[in-house]
Amino acid sequence: MLIVLHHWATEKDVESINKTILKLGLKPMAIPGAERTAIGVIGNQGWVDDAPFRLLKAVMETIHVTKPYKLVSRDFHPADTVVTLGKKVRTGGRSPFLVIAGPCAIEGRDQIFRTAEFLVKQGIQVLRAGAFKPRTSPHSFQGMREEGIRLLDEVRKEFGMLVVTEVMSPEHLGMIAEHVDILQIGARNMQNFDLLNEAGRSKRPVILKRGLSATVEEWLASAEYILLGGNPNVVLCERGIRTFETATRNTSDLAIIPLVKSLSHLPVIFDPSHATGRRDLVPPMALASIVAGAHGVMLEVHPEPERALSDGPQSLHFRELEKLNGRIIKLADFVKKSL
Amino acid sequence: MLIVLHHWATEKDVESINKTILKLGLKPMAIPGAERTAIGVIGNQGWVDDAPFRLLKAVMETIHVTKPYKLVSRDFHPADTVVTLGKKVRTGGRSPFLVIAGPCAIEGRDQIFRTAEFLVKQGIQVLRAGAFKPRTSPHSFQGMREEGIRLLDEVRKEFGMLVVTEVMSPEHLGMIAEHVDILQIGARNMQNFDLLNEAGRSKRPVILKRGLSATVEEWLASAEYILLGGNPNVVLCERGIRTFETATRNTSDLAIIPLVKSLSHLPVIFDPSHATGRRDLVPPMALASIVAGAHGVMLEVHPEPERALSDGPQSLHFRELEKLNGRIIKLADFVKKSL
Amino acid sequence: MLIVLHHWATEKDVESINKTILKLGLKPMAIPGAERTAIGVIGNQGWVDDAPFRLLKAVMETIHVTKPYKLVSRDFHPADTVVTLGKKVRTGGRSPFLVIAGPCAIEGRDQIFRTAEFLVKQGIQVLRAGAFKPRTSPHSFQGMREEGIRLLDEVRKEFGMLVVTEVMSPEHLGMIAEHVDILQIGARNMQNFDLLNEAGRSKRPVILKRGLSATVEEWLASAEYILLGGNPNVVLCERGIRTFETATRNTSDLAIIPLVKSLSHLPVIFDPSHATGRRDLVPPMALASIVAGAHGVMLEVHPEPERALSDGPQSLHFRELEKLNGRIIKLADFVKKSL
Amino acid sequence: MLIVLHHWATEKDVESINKTILKLGLKPMAIPGAERTAIGVIGNQGWVDDAPFRLLKAVMETIHVTKPYKLVSRDFHPADTVVTLGKKVRTGGRSPFLVIAGPCAIEGRDQIFRTAEFLVKQGIQVLRAGAFKPRTSPHSFQGMREEGIRLLDEVRKEFGMLVVTEVMSPEHLGMIAEHVDILQIGARNMQNFDLLNEAGRSKRPVILKRGLSATVEEWLASAEYILLGGNPNVVLCERGIRTFETATRNTSDLAIIPLVKSLSHLPVIFDPSHATGRRDLVPPMALASIVAGAHGVMLEVHPEPERALSDGPQSLHFRELEKLNGRIIKLADFVKKSL
């Protein structure tokens, strides 16, 4: 940690800060500058709280050098993590590009079975669908809940697909984990720490979406909760961030895909449906994410988007997904072999 | 709802949209414009989902006129709600300006008792302190948890104070509600809908903080969950939003205080400690919020901020709180009588 | 335009609004809703100012249907605009993917000649380099100014390259336009309207960068200034927007590339150097933009980035640009033929 | 400056960085940490460019300790600057609270004279009105331009008022400065550096608005341009920033008022009209800014807001300004004497 002093700080201020550092069992190291002095804190074995320093009058600011995460960092685990989904699907590292698809919400047996049947035909092995739905307004459709989970379990058995669904509450996690292959923690719950802790105790892989206004550092620190709890199978998912621009539902922050890959060993996928909120922007952004280095995409598709109970405008029609999936396969192959 | 068409939309497109509207049991009403046509949807008794329209090719955008909340709206409840805390403290409407204060986290018996004793002397009747702490990093102090709640209960009995603490998980809510007077739902949990539903089932008043990147509309829709669950005692708390500016911890959005008061009948308070993140900015912003129309403030104070386990830099020293409290009383009095 | 009334608005309020609409030579059309009434304004030939309505007590909000731009809109000019740079380079529509490259700032004859020589070898025909530099601090290097322009003119003659440079002020525009092929209007000047007007009077093509916090609508309205002034040769350039995320210099908003292409007929290029601010993120994002539909990229390159007087950390080394250029050619070709 | 290395950096990396530092005539100072090493750079007399370091592979990040401004900093000029407007109005330091008011745009002789007459009656000595108007769309009213300036000059002579108006272009600055008392540089031009330089050569006081997405540091660096040019009479004006929240036109960032006062000696005023965009929010926010420490406010007022050619919805009626002005006087007096 670095403690930067105001330009008027006196020798006495410096001494007093040095004493505080020594009391904490650490060592101070002065760094005199042109306009002001800074003091380095050395000897710590991990994160040092800057609280005792930040409020001293002579201190202008404190700067952390150590990051708030460790297990997820590539510094401490240089090799790519490859997460196994179910028994045979893998993501991360040099695994094949992963396509996850499905409707925003499970709306009934017919809808989800038609979708599963269609996806299997496309060679897509992982279906996502929401049973417990986080909705801004309590007056909106809240999902089929337990019954939806039951339907997902039927899909698994009937079609041999892997299924992923969102968990909103720690108390439901155990029940849901019994019936699905992969758990999703949504953007709104990225800092629901009880839920992260519970996910850490699970053996199921977890797709952790980035929060609407979460920094990369906070996102990785949330993943750290799950790894620290004992579950190393985390897949990060960028899904757009909230900015001043309202022409798209969120702002697709594709540049953090290569960035996160340099900071962490975990796989990173992209959700162009929530990131853009517009069906017509999903194909170009899904394809762009391949080139940016994503390990996979998660796409919303619906047999009849115009009747979808949620997120219809960003859901692809079957024929659109079919076309996009073909282009994904071609482009991923080209990138691997020729780029 | 208003459906705006592309300028090239044909008569046939309009007819097809009209049919869809009629199928939903509603009525279409054409609004021809200079450059493009719009279609009003009328006859609805509440929120209409725009999904069936937004993805039609001829539709440029859909515009909602009805809001995603109702019970919290002043349209449907014109008189100010006054929330009673404990047996005798009231907030909202013309109630006296409310000061809530305490440390970010309970760190031990001595710390919390010293704080309570000090606050009582200042005439401050509500103590806030965190037992369950949401922390970005799993490596940071996570709060005293159950033991912290027990200490809060002791404070209540010993000092006759009301206490408020954050609830992070629906499963803890019942236990916590037995021991404290007021529940707080934090910024990171503003859209933890299971928690909101559970708070709706409680009889305890709830302080609902605005999310880091929540719009006013989303915040009010979250309050709607609690009211719809049967609990009308919600106090809204602005605590700063996340923006590009990093010179302060968050950006204090004071203008939404008078705005929310025009949209909703619920009381609104302000948390200058989290909004600014800097002890020196807390007094001017606490005072400014009185003039902006806030019903109260929530302040962080600590017997020894330099030793605080969290948020030390934004915590006031006792002597600073004493001074600020005196100014708050004087200013609130002046505003009431002379402004 | 749509005027939405408060739910308590009376018949009298509606009548009074209708009268105001009629006075303006327009027609009102009532749209009764479940909770509130709206009034459509019809008969306008273009943009109607909502000022006379927005402040009436009974009016909750006004909603514009007509956009603040027209000439740049695809609605009024469905075919892609192809801009000719110099005599033979074209961009927009189905033109080949355009690569513009060069140092952030001209620092001397040797630096700019070495760069031009290198770019010509790579088959890159357009060099960009700043002579007048907008710098946050007056204590930073401000560019070689007139002498830089002179050097650019030498480069043109010596290497037969096209050159592009930023214009910061209307009074310099004429002089600069005499010596360079393409003018750039930077992010900070996107709403420098006198400069836009002057660019409208020029015959030189203009690269118009998106402002740091400009909406797509504002950006297109700025382009409208130039077209309205008589210059149809505008190339839009996305260069990242300012958000809460500081892990990258700006947030690359790639999704607006396909979005802008659907709204406007103008070419759109991408600047990954400013968008990311990090040399290691430039190649993946440059390549991703091809797939997202960009018509070209603008890249920073420097013979010795570690000695660059500005933006060194985001400048590519020659060998990196060479490698990236090869990948761009391969990917652009693949996208055109096989995707 | 502090250079932070990756945890895997070797002794050789450190040596190579040290050499670069020495070459620049500065001194390296190693700061070994628990997880990584940092190197302090000492001996500089001012701002050091981090470019030569940021792109070295072993460097994780560089951290500036020195600020990009100096003349505007309180570090180097501890006493408050008091700016004299015209001959007798002063702002800054302990000067009386300043009220500037007027219409967004000059629309004609009658409008501006009626406004001036009204303001004089209220004891308001400074009138602001726009002659050159920056408008998003070229299809909107662009201001009366030169004729507007002439009308302002008439107002000065007729009513003995001081007048302030926006300058959009360096070439108009000289002409405008001959006819008005105070120049305004608007939010969109905060980084129009040629304009800042020209303002630095003027003898007129300058009101410098904060840019829509400008950090406090950038804003102060823009003021530095003017001071460095030789004009010390700068008044900073907060006018709201652009964030994700659209319920208000901008987000009022009041907390930066006390913050800027701690960083700089320059006066700071607040513009609640642009910050909120809503007439009903102007009074509470204008009053709140007094308590937050602003030296003054700038208010939009119009004889007939419903007919205003721009910004009508945020303009006060005469009777509203009269009422607000009375409250401002009372509150400013109370704050000075009793708070």
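Chains: A, B, C and D, in written order; residue numbering restarts at 1 for each.
Rule of thumb we're sticking to: a contact is a pair of C-beta atoms (placed from the backbone, for glycine too) under 8 Å apart; a residue touches a chain by one contact, two chains touch by 3 or more.
Remember, predicted model here, so these are calculated numbers, not experimental data.
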| item | value |
| --- | --- |
| A-D compared against A-C, more contacting pairs | A-C |
| From chain B, the most remote chain by mean C-alpha position | C |
| Centre-of-Cα separation between chain D and chain C, whole angstrom | 26 |
| Geometric centre distance via CA averages, chain D-chain A, whole Å | 38 |
| Separation of mean Cα positions, chain C and chain A [Å, integer] | 31 |
| Touching two or more other chains - residue numbers and ranges from chain A | 46, 213, 217, 242-244, 246 |
| Chain D contact footprint on chain A (complex, rising order) | 2, 4, 6-8, 29, 31-36, 38, 40, 42-46, 63, 65-66, 75, 213, 242-244, 246 |
| Chain B - residues contacting chain D, complex | 213, 215-217, 241, 243-248, 251-259, 262, 275-276, 278, 280-281, 284-285, 287-293, 327, 330-331, 334, 338-339 |
| Footprint of chain A on chain B - complex, ascending | 20, 46-47, 49-56, 68-70, 134-140, 142, 168-171, 188-189, 191-195, 212-213, 217-218, 221-222, 224-225, 228, 242, 279, 305-313, 315 |
